[in-house]
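Per-chain numbering from 1; labels A, B, C, D, E and F assigned in written order.
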Amino acid sequence: MKVGVVGASGYVGGELLRLLSTHPDVELNMVTSRTYAGEYVHRIHPSLKGFIDLTFSPLNIDKLTENDLVFTSVPHGKALEIVKRLYDAGVKVIDLSADYRLKNPKAYVEYYGYEHPYPEMLLKSVYGIPELHREEIRNARLISSPGCMAVTSLLGLAPLLKNNLVDTKHIIVDSKIGSSGAGGKPSASTHHAMRAGVIRPYKPVKHRHTAEIEQELSIIAKEDVKISMTPHAVDLVRGILCTNHTFLTKEVDIQQLWKIYRGMYKGEPFIRLIRDTKGIYKYPDPKFVVGSNFCDIGFDIDEKNNRLVALSASDNLMKGAAGSAIQCMNIVQGFNESNGLKYTPFTPV
Amino acid sequence: MKVGVVGASGYVGGELLRLLSTHPDVELNMVTSRTYAGEYVHRIHPSLKGFIDLTFSPLNIDKLTENDLVFTSVPHGKALEIVKRLYDAGVKVIDLSADYRLKNPKAYVEYYGYEHPYPEMLLKSVYGIPELHREEIRNARLISSPGCMAVTSLLGLAPLLKNNLVDTKHIIVDSKIGSSGAGGKPSASTHHAMRAGVIRPYKPVKHRHTAEIEQELSIIAKEDVKISMTPHAVDLVRGILCTNHTFLTKEVDIQQLWKIYRGMYKGEPFIRLIRDTKGIYKYPDPKFVVGSNFCDIGFDIDEKNNRLVALSASDNLMKGAAGSAIQCMNIVQGFNESNGLKYTPFTPV
Amino acid sequence: MKVGVVGASGYVGGELLRLLSTHPDVELNMVTSRTYAGEYVHRIHPSLKGFIDLTFSPLNIDKLTENDLVFTSVPHGKALEIVKRLYDAGVKVIDLSADYRLKNPKAYVEYYGYEHPYPEMLLKSVYGIPELHREEIRNARLISSPGCMAVTSLLGLAPLLKNNLVDTKHIIVDSKIGSSGAGGKPSASTHHAMRAGVIRPYKPVKHRHTAEIEQELSIIAKEDVKISMTPHAVDLVRGILCTNHTFLTKEVDIQQLWKIYRGMYKGEPFIRLIRDTKGIYKYPDPKFVVGSNFCDIGFDIDEKNNRLVALSASDNLMKGAAGSAIQCMNIVQGFNESNGLKYTPFTPV
Amino acid sequence: MKVGVVGASGYVGGELLRLLSTHPDVELNMVTSRTYAGEYVHRIHPSLKGFIDLTFSPLNIDKLTENDLVFTSVPHGKALEIVKRLYDAGVKVIDLSADYRLKNPKAYVEYYGYEHPYPEMLLKSVYGIPELHREEIRNARLISSPGCMAVTSLLGLAPLLKNNLVDTKHIIVDSKIGSSGAGGKPSASTHHAMRAGVIRPYKPVKHRHTAEIEQELSIIAKEDVKISMTPHAVDLVRGILCTNHTFLTKEVDIQQLWKIYRGMYKGEPFIRLIRDTKGIYKYPDPKFVVGSNFCDIGFDIDEKNNRLVALSASDNLMKGAAGSAIQCMNIVQGFNESNGLKYTPFTPV
Amino acid sequence: MRKVNCPECDGEIKVPDDAVKGEIVACPDCGANYEIEEIGKEIKIKPAESVGEDWGE
Amino acid sequence: MRKVNCPECDGEIKVPDDAVKGEIVACPDCGANYEIEEIGKEIKIKPAESVGEDWGE
C-alpha cells in the first residue's frame, strides 16, 4: 500500500515517518514540506538518519492522489482544502489537524475562528479513537485523529461518563504537556532559555480541545457534558498527563472502579490500568509511556469530598497523534492493529 | 539578636541559612544537625561556601535556649517536643513543620496519624502568612510557617473567598511542584533517573495540606470550605504552581477581579499580580519567582462554565518556607519587613 | 533458546529485559534479584508493564545453569564468582560488569582495588565490541561487555589509531553522561534536587574506563597508548557524548577522514557517521540516538593546532550496555545481528 | 551616577538591569532596544516586574551621552560604532561584545570575519577581568568585558601559566554551557524541543573565544600559548563548566597547587577554590554558583600521564558577563567592588 | 513623567512628558492600550484597539 | 504456573506450581496481598495484611 504524509517536516509528520518507515505493511511513497522540498528527511529529523532515504516533495495534491492513503499533519485551517481534494479524489485520508474533528460547524467559529467551508464533510469524518469508535473507523474514508490532550483526557474519563457516575457540569481537566506538543516552529516563548524550567499555564480557559472533549463525552453520557480545561506547559519534550477531577453522583468504591475500567478497556492493546499500592508507579505518569503508543490510566477517590480523580498519561506524539493515526490506519486497512506500533517504553528515560 | 536553626542540614534549613547569613539585623548563632554535627555547613550546602563559617551543632535544646529566636525545620512529628521546650523556655519559635499549623487537634489524627500532645499550644500558635495574619504575627511567640503548597494556594484563593464569589464545595487545587519540596533525603522515587522527566501525581486525594487550606479559607469565608487537592511532582528543583479551579456563585468580570485582588494585596511587598494580555508572561509561572520571596498571582474567567481559575506561583523554599519564615521574623522583631529578602528573581534561569 | 538475567532489577538488567522480552529468537526464562525476589518485574521497571509476566527469582546459580546463556549485570567485583560458576557449568555468559574486561590482572588491583581470583579466565573472555572483535565473539563462551563510556570513546577513536594518525600520548577523552549511567541505587549525590542542573566533573583523573580504552587502543595501534579521561555528569537520564581530543602526527584532511571512518565502519549496522554542514545535526549528539543501539560518530580538524576532535554519542544503556550485549548474543548464537535491536530513535525526545 | 544600557532587551542586558536596579550607587537612566522601544521592561524580563519602572528607549546615541557610563551588550560587529561614538563623546563605556576585546586587529578578520574599523581603539580598551587587570581597569575609559567561556577558562588556567607549569601547545579547553549563553533570539536549534536533552558540540574547532584566551594566556605566560577549545551546549539555562586539560612540564603535587592557586587569588571577592575530598561538592560545578558572581575553581593531577585538570565554573550571565561588567564598573568608579553583586548562590536550585 | 490609572485594572500607566493627544499608551499590568484623549492638568484616556501582538503561543 | 483472579481488581495473580497453603501472593496490578487458603483443583485466596512497603515517598 502506498502512503503519503503531508506536513512531513513537522513533529507529528516526523513521528509518522518514524513509524511508517518500519511498518511491515506499507510503502512510504511521498512526504511533503513546502519549506524543505528537495531536502533529505534526516536533515530535519536527525534521528531518522539511515531509516528513510526520501527527500521532501513540494505539496502537490495531484501527485498525492497516487497514494492509497494520505496522512495530513498541518496546522488547523490549513488541512481544510488538502483533505477535501484528496477525499474527493478517492484517497483515504487520516487528518491529524482539528479541521474535521468537530461535528457542529458552529464550534469552528467559536473555537477556531473560521467558518467551516465543508460542513457536510464533518459528518463523514470519523473521530479517530479506536477505543471509542473502532467499528466506524473500520469503514471510514476520512478519519480525524484527535487532539493530543483530548484523546488522553477522553480515555481517562470515558468509563465514568459511560456509567453515569459523575456530575457532568463540574469536570475539570487539568493537563500538563511537553514542548513537542506545540510543534516545531520557534518563537519567543518556545526558545529554550524561556521555555525550560517553566510550569506555564496557557489558555487557562476556553482551550480548543474543550470542544472535542465535550462532543465525545456528551455522546457517551447521552447528555450535555461541560468540561473545564486548563493546560500547562512543563519542562519536558514528550508527554501529557491529564488530571481529570470529577465529582461523584453515585457512591462507588475502588473495586467497582476497577470493574468499570476493566469493563471498558479489556483487550485494548494500548491501554494499561495503573493503580498500584506498592512500588513507585502508583498512578499514571508519561515518563513510563514515552516512545510508545500506550495511554496509562488510573484513578482514586476522595470520599470526604465525593471526588473522583481520573489520571491519564500518554506520549503526545504517539497515542496523542501519530500512534493513534497509525492504529486507525491499521484498522481501516485490516492490518494487525499493533503493526508498526510495537515500541516498548523505557525505564528509565 | 541571636538566632538558631534546628534542622539546618535540610533544604529549608539551608535556605534559612542563606537568608540569615546576610540578614542585616541578626546574628546566626547556632545551627543544628544530628547527622552532620561537627561538619562545616558548606559541605552540605555547597553554595554557601564563603558565607557561613559555622559547623553544625548537635541538637541540644538547652544550648538552643541561648537564642532569642529559633527556627525549627525538621520533619512533622519531630518538631512537637523541640518547639514546646523552646517555647516554655521563653524563646520565640518559628516552626516550619506542620506540627503547630492546625487549630483542630483531631485533624492531626486524620491527616498526620498522631495524637497531638499539646493541643492547648495550637491556639497560641499563629499561622505565619503575613498577608492574612500580620497583626497576630506581630505579637506572637510561636509562629507556624505554612506548608509550601498551602501558602501558594491560599494566597491565590483568599480574595475570592473573602468576597464570597465562589462555590465553597467545588474548589480544586491542582498543584505542581519541584523536587526540593520533598526535602533532602534520597529514596528510590527521588533518585534522579527516576525523578527526572516525570509528571507524577502523588496523593491525588487526601493530601495533608488540604487541612490547613480548608482551615484558613473557612476562616476567611466564614463558612465551611472544602478543598479538593491533587499535587504533582514535575521535573524542576524549585517552584510551585497552584492552579486553583473554582466555580462562580456570582457574576464577576475581569475588571472586578482586578479590583478584588488589588484590594486585598495593595502594598504587600511580596505579592505581584500577573495577568497580562501582551508578552510571554501572561499568567503566573514559578520560573520568574525562583530565588525570590514573591508569590505571583493571576486569574481568568470561563463565562461559559462559570469557572474562575486563580493561578499562584512561588518558590517553595522561599515564600513556600524560609522566605515566609524570615518575613514573619522581621514582623515579630519589628525589622523592616523586606530585610534579608531583597532577592530579585532571574530572567532567564 | 533459554536466557537468564542476573541483576535484573538494575538499570542495565531492566534494559536487557526490555530488549529480550520482544526478541524473536529467545525465551526469557529467569531473571534474578536479591532484593526484589518474588516481586513482579514491572514494579521495578514500570514501563515494562504488560510485556513481562515474570517475577524476580532469588540468585540461585544452580537454577541459572538451566539456561543456554546468561547475562550478568551486577556491580563490578560481584560478577567474579557468578560468571566463573556459570562458565564452568557450560553456560555461555555475557558479563556486563568490568570483572572480565581487562587482560592484565594487575590492572584490577590498580583500577578496581582487588586481586583478580581467576586471571586465567581473562584471556578466555572476549571484549564485546562487535566492530572490533566480531570474529572472536562468534566463537566465544564468555563475552565481557564494554564500559559505556569506553565503548563510545573507542568507536570514535579506533579508526584514528588504526591508521596511526595521532599522538598516542596526548589523547584526551572528555565525556558527558546521564544519570542512568550510575545505576539505580539512590544516594545523596543522585538525589534529584542535587543531581539536576549539574555539570559535575567526577573522577577527573584515573577513571576506571581508562584501563579498557588504553588496552583496546594499544592493540589497535600496536603501541602503548595513553588516555587522559575526565567524565562529567550532566542533567540527562540517558546518553553519552565523548569528545575525544587528539593531536595529529600526520597531515590529514576532512575528505581523508571520511575515507578512514567509512573504511572501518562500512556495513556496520549500528554506526552512523555524522558530520554535516547543513541543518542542526552537524555533529554527534546523544539526543538523536536515545533508545536505539546506534553510536553516532563525527570529527573535525583544527589545522592551526594540529588537533583532531573525534566525537561519539550513544545511549549508555543500549550501545553502552544492553544493546551491545544483545548484539553480541546475536553474533554468538548466529541470529540476525540486528534482531531485537530495531529501535528507531526519536525526533524530538 | 547616571548609567545607560544599550541592548537592554537581550539576556546580558536584562541581567545588567537586574543588578543595576538594586545597585546602591547608580541611577539606571536609559535602557535601549530597537525592537521593544516604548515597551515596559518587565514585558521582556518578566522577573523584573516591580523592580524597574522604565520603558525601553530607541537607540539614540546622542541621548545616551547624557550618561556617565554606558554598558553596550549587543551582538559583535554591532557595538563597533556605538562604542566609538560614546567614547568620543567622553562617556565611559563597558562593552560586553567582542568588538574591543582583541589587541591584534588581524584576529578580527580571522575569527569574526570583519576588518576592525578602529584598530587604534583596541589598545585603549582594557580587558575586563579584575583578577588579571584590576589596576588598568581602575584607570580605563573603555573596558571590554570578556567572553563568558573565555573568562571562566582563563581564571582556571591563569595560575598555571603564570607559574609556567604546563605545556603551552597542548592545552584543551572542553567547555559546557547553558542555553542563555546563546542569547535571546529564537531559532530552529534553540527551540525547546530541539535544544532540551542535548549534549551538542558546536564549533568543535576554531571557536571565537580561542582568540582571547590565547591572547591573555600568552601575556601571562610570556610566550605564545595555543588553546584547543571545544564548546558543548547542555540542557541548562545558566552555567558554564570549563574542563581545562593540560600537560605538566614540571613535577607538582596537590599541595603545591593549593599554594599556587591561593597565591594568585587570595582576597579575590569572587573566586572560590573547590577541591574537597568529602561531601558532594568535590570539584567546581556551575549548579552552585548560579545567580552569583563567583567563579569556582578546582584542580586534580593524573601523575601517570603528567596531566593536570583545572576545572572552572561560573554563571555565564554573571561572572561570564553582567557580573564581571558591574565589578569593573565598581572598580572604575571607586565603589566597593562587591556592591550590587551580593547574591548568595542556592542549594539546591 | 506623569501617571494615569488604568480603567481596567487600576495599574499605573506612565505618560511621557512630551506625550500628545492621540498618542497610544499601554498599561504595564494588564496590557490594555489607551489613546490619550486629553492632556492638560488632567490626563484623560480612552480604550484603543489592541494590536493583538503576540510574541509566541 | 497457575493463575487466580484478584478479588479487588480482577488482575491475574500468578501462583507458582510449588506454592503451598499459607503462602502469600500479591496482585500485579493493584498490589493487594493474599494468603493461599486452599490449593487443590481450585485455588482459594483470602486478603492478607499488606506489608505496607513503600519504596519512597
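Everything that follows uses one rule, which is that a residue touches a chain if its C-beta (ideal position, glycine included) is under 8 Å from a C-beta of that chain, and two chains touch if they have at least 3 such contacts.
Keep in mind that what you see is a predicted model, and the values were worked out from it rather than measured.
Q: Shared numbers divided by all numbers used: is that above or below half for chain A and chain C, i.e. same or different?
A: Same, since most residue numbers here occur in both copies.
Q: For A-F, find its twin among D-E, B-E or C-F: the pair where over half of the contact pairs carry the same residue numbers.
A: B-E
Q: Would you kindly say which chain has the C-alpha centre located farthest from the C-alpha centre of chain E?
A: Max centre-to-centre separation from chain E belongs to F.
Q: Determine which of the two chain pairs, B-D or D-E, is joined by the larger number of C-beta pairs in contact.
A: B-D
Q: Using mean CA coordinates as chain centres, what's the chain C-chain E distance in Å?
A: About 63 Å separates the centre of chain C from that of chain E.
Q: How many angstrom lie between the centres of chain C and chain D, each centre taken as the mean Cα position?
A: The answer is 38 Å.
Q: What is the distance in Å between the mean C-alpha positions of chain B and chain F?
A: 43
Q: Using the touch rule from the top of the page, what residues of chain F touch 2 or more other chains?
A: 26, 55-56
Q: Among all residues of chain D, which ones touch two or more of the remaining chains?
A: Residue numbers touching two or more other chains: 11, 42-43, 180, 188, 193-194, 196-197, 235-237, 280, 285, 290, 348-349.
Q: So in the complex, which bits of chain F are touching chain A?
A: Counting only chain F, the residues touching chain A are 7-10, 26, 29-32, 50, 53-56.
Q: Which positions of chain E touch chain D when the two form their complex?
A: Against chain D, the touching part of chain E is residues 14, 26, 28.
Q: Applying the document's contact rule, which stretches of chain B touch chain E when the two form their complex?
A: The contact residues of chain B facing chain E are 254-255, 258-259, 262, 273, 275-280.
Q: Hey, which residues of chain C end up touching chain D in the complex?
A: 169-170, 172, 174, 176, 188-189, 193-194, 196-202, 204-206, 226-228, 230, 232, 234-236, 239-241, 243, 245, 247, 280, 282-287, 290, 300-302, 304-305, 307, 309, 311, 313, 348-349
Q: Quick check on the complex: what are the chain D residues that touch chain E?
A: 39-40, 42-43, 53, 55
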